[in-house]
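Presented below is the structure to which this report refers.
Per-chain residue numbering starts at 1, and chain names A, B, C and D are given in the order in which the chains are listed.
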């Protein structure tokens, strides 16, 4: 009987997930005594009754490296430590089903788990490892917000899509002398907005890490227009925050997760700017999930493939409790402990922010 | 002294405008006794004091066929018959400055005008021609809503961009089992939404010409999800209307131009669907001006170049009061009179709508 | 028992084939008494022993409209009237197996055939129809060389890919002051080259229909360079012919099909130009099958979907012996007789050639 | 009077050059006492008579970050130490004009030089610095063959273009069961081919660093086809070498620079494979200069912008004799001495090669 590794994808999807899965399967096929299984929708597949597991062979992964999404589905709700259960009265509570998970893994002959996911998924993996689960983590975050890896796959694809959008907005902004606001993803980290603003040649970049002053933004825009026919591109992360402790007229503390959700930020900034004296025509674009769908860039495919091969090789070596990482132009393993310790915020002191200021991009501060 | 033709671009910009301008200049350069001038921002350039006219030579048009926007700028406000003038009290009135325009054309030695624009621009051209102005029209509308030409440049580019967006949304919708709403342009005509829905393989397409019933849309979505893991792509034109005479809780008559502006429709449909019993997760994307910016598709460049060459050849032949058109796979001239008579709505009986229904797309009716 | 229609794809593949197949299946699913089957690799699937037929249902066609190629495979060898059979001595002969085909269709309960293919495939369909086969043709040719339809799907995709290539070549040609030769498909018809040259803003366009004089081409190039720093883009169809009855040093009659195959033409023109006195640096690109692979443009998807729905509706109506066509902005049915009568060459008198000359493109004549 | 820095671009062009230039100008504009000048076509601009220098201000660099090529032109011939001079008899000799260059820089008030170029350019910069020239280097190589920087701009763009080509070739290869050979750039280093093969999911990757055995390649291909309908993608670098010391029938030593030039390798491998017993249909694509033209990817724009800002800041600090580099996810300065010491070949031991083998890619060894 063959040894079995269980693969799962958790959290929001990300271009490159399929390339990781394919690489694991391809690499495993070179070891005659291993086979690869997928759990549908993160841990749901193995914790549900009946279980939903699928054998991942060559045919199933053929050509998937070029496809967005994940062939084994994903979810960003729950997990083994906070499994959602419905009460008799219809309300929900969560249960810790981690012991059940370990039991099922053992009962079904799984010798290892490769969990591909973001911050939350890595934390689950860390806790599972501490309970004895032989797990390898693969970092996945469109937001590039994991501190122990220089890049995660999916991020460059998101930036490329947003940068293409800026290119298109620029010609119409130029022709009509308008302000174009582009809302991109990034609730807590502004990496996508920052890279997009530099790549696209934007004038203003508003990110969660640097509180902005709407009057300064309006002044900056008006100044561009004063010197003749102008146009302005503003890139705003969905989690950008105003410096008066308010987001669009409400104290930021009043905002919960729901209000911070994708959409609306571009339209609301538009209103704010008008109130702050911006006279130019303003138009809004909300890229939404376009940023995390579709075929990955070559960069992300190469990175994801390296992650997948490395992850399986760590399984072969019994190198558990670690996460694959891209660090200093090499593929390495870091402890899950370290991986979840710090969040990767944009630092004011980074050379990237210095570059942005160097080409005249305003953060509204 | 050389004969002079004045070129101008009016209304919203559109990929392909520059290719028309370049073709006019290239073709004119083959006639030794002609030169081409541009009026900045539609009629502003010639009606303002001082005038803003620019000579269009080889160097100025080099490579512009691949660029979005228009190198001579545009505006969708005013025009010679409704020139905006500020009153002493700060309010605005409009004045008819068409006679002044004719005088300035003559005084500056212009023997012809090529006006590139949409419905409104062609109407202005028609009226100017009736007053003796030697004008040739070139149709431009991202919405494909001009009845006398099978296609206008810019439209295919908009559809391509929206279709690419659907491709990207599809993989993430599939992975998360979500409903993705994509809002595209189209205040009065649903061509972009209709082509996009067919090209992208959407399930629902909501357009201004076919009033939708939100409960039917919700039912359709729920049905897809009932049979197992599903996902749904909804393409909605910004001008889509509900069949109860209401748009998102308000009577449609309460909505003026401002409320119909780009943005928000996707987010509001999202709310409507939840209220109508749609249980799946919904995410929204508002493409906005991405659709009308950036490099034109090859189709639009070829069409725009044909339009430009034809327009100048009509000037050479003194064939005024007409608009260039693409009809039955040929480039012809139609009278401006005919050109502005009918609006090109999506017809329920067209083979395109039949095709959409044939592949299972619901219009919510 | 359900009625069965057999679908097959023949000849070289083409972006949009899968969209046709999907549209047939989607439309057929609305008729409760029909099912759709595919024959693998054109007629091979039904004529081989054992037969290779595949039932085409929803799951098999899910999402394929966005994919290039054809899920049922294709071949450009043989067919029922010229079935390749190996002799005992290893050589090949062809046999007419059309009667066998009709018998097998009947024996397997197929009430109709939809054959998607080019010129050759439509001729086969015509002959089969004359023998009593209930066949509907769907035109497919990357070269746009079928006379009874204004456009065929796949063509715009090829042009778009080639036009993107010209855009990229232009910036490097400009920076290095070079001549860039781009070889595109088109053995007998120059449509791809012609559209690409106009869309890309090329200086020279060499096509099979207009014999070129290499000295004139060289002169044209040298003239561009003489007036200062220049660069030149040459688009050449693989079947372009020199006016001295020779192609690259050999009489054109010496060339059979094999020698005309893709590749080499760009490199050989490069040599010719050097010999003819062209002093500038020359670089070559051979796009090859990139032009016929990959995701179709939105235009081609819409066209292909219309073709598929129409084809099945013709089957429903028993409207056989005809080919779907796009004519005068409508989807119609034309007789196969008419469809195969004339080849669609580029005409010197067409407005497209006039447009090309109007923007200064030289055909080397 | 303002301080002046001279910028030049040398060697083959590369997507991102303009983004570097723009970043230098933008950053310099924040220092009131500096201005930026460009020398046309590398050192030609300053060494020719009359000199061809151009002031680089805001207007000249507006929007150029999105454009391929270089607005100040480039050349890969000559340089100050090997300036081409024509003898009276028409032949050419080279002269060392480095002293003249230093004199002209001084006479024209240039306080620094920023030289953007590849291996050759950095060597020139090193020698100039040793003679007292205040020079800063910016690395540029499409081939990623500079050892002191993890990435150079332009490389990811080339890989993306080649990877897109593989995606397109894959669908047509699949439909026709063919072998598709894609020739990419890389005379001495196989980075583009290697990244492309991984990103595209190719089966075979032939690079200069790993000599291939054509029989092994043919066997690998035949094996894929033996197990049923197959298809194969081969990515070959233009400088790939056979292990018998021969390239396509000639000893590799017989090949000089000219014979190694772009083009032909794909066609010749095709012949080799047929002779080695490969029975499948083979088709060839030669991407050529498409790989180095056109708009840069977002990744390359961000990298190039960082390089430009850093280069000017090194000028400000008088930090000469160094080259900007991207190392360990940071932007740093390395000595030109180190920068030119080693060539960055693909190493058999690198994790990237291990990844390629891990997903089953054959190097023909």
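Going forward, a contact is a pair of C-beta atoms (placed from the backbone, for glycine too) under 8 Å apart; a residue touches a chain by one contact, two chains touch by 3 or more.
These figures come from a predicted structure and were not determined experimentally.
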Averaged over CA atoms, how far is the centre of chain C from the centre of chain D? Could you give it in whole Å? 35
Determine the centre-to-centre distance between chain B and chain C, using the mean Cα coordinates as centres, and give it in whole Å. 31
Between chain B and chain D, what's the gap in Å when you average each chain's C-alpha atoms? 41
Where in chain A do residues touch two or more other chains at once? 164, 167, 170
If each chain is a dot and touching chains are joined, what shape do you get: line, ring, star, complete or other? ring
Each pair of chains that touch: what are they? A-B, A-D, B-C, C-D
Under the stated contact criterion, what part of chain D meets chain C in this complex? 9, 12-13, 15, 17, 67-70, 73-76, 161, 164-165, 167-177, 180, 229, 262-264, 266-267, 283-290, 292-294
Given the complex, residues on chain C that touch chain B span 22-23, 26-27, 29-30, 63, 65-66, 150-151, 156, 159-160, 162-164, 167, 170, 195-196, 198-201, 295, 297-299, 301-302, 305-306, 309-310, 312-313, 327-331, 351-352, 354-355, 358-360
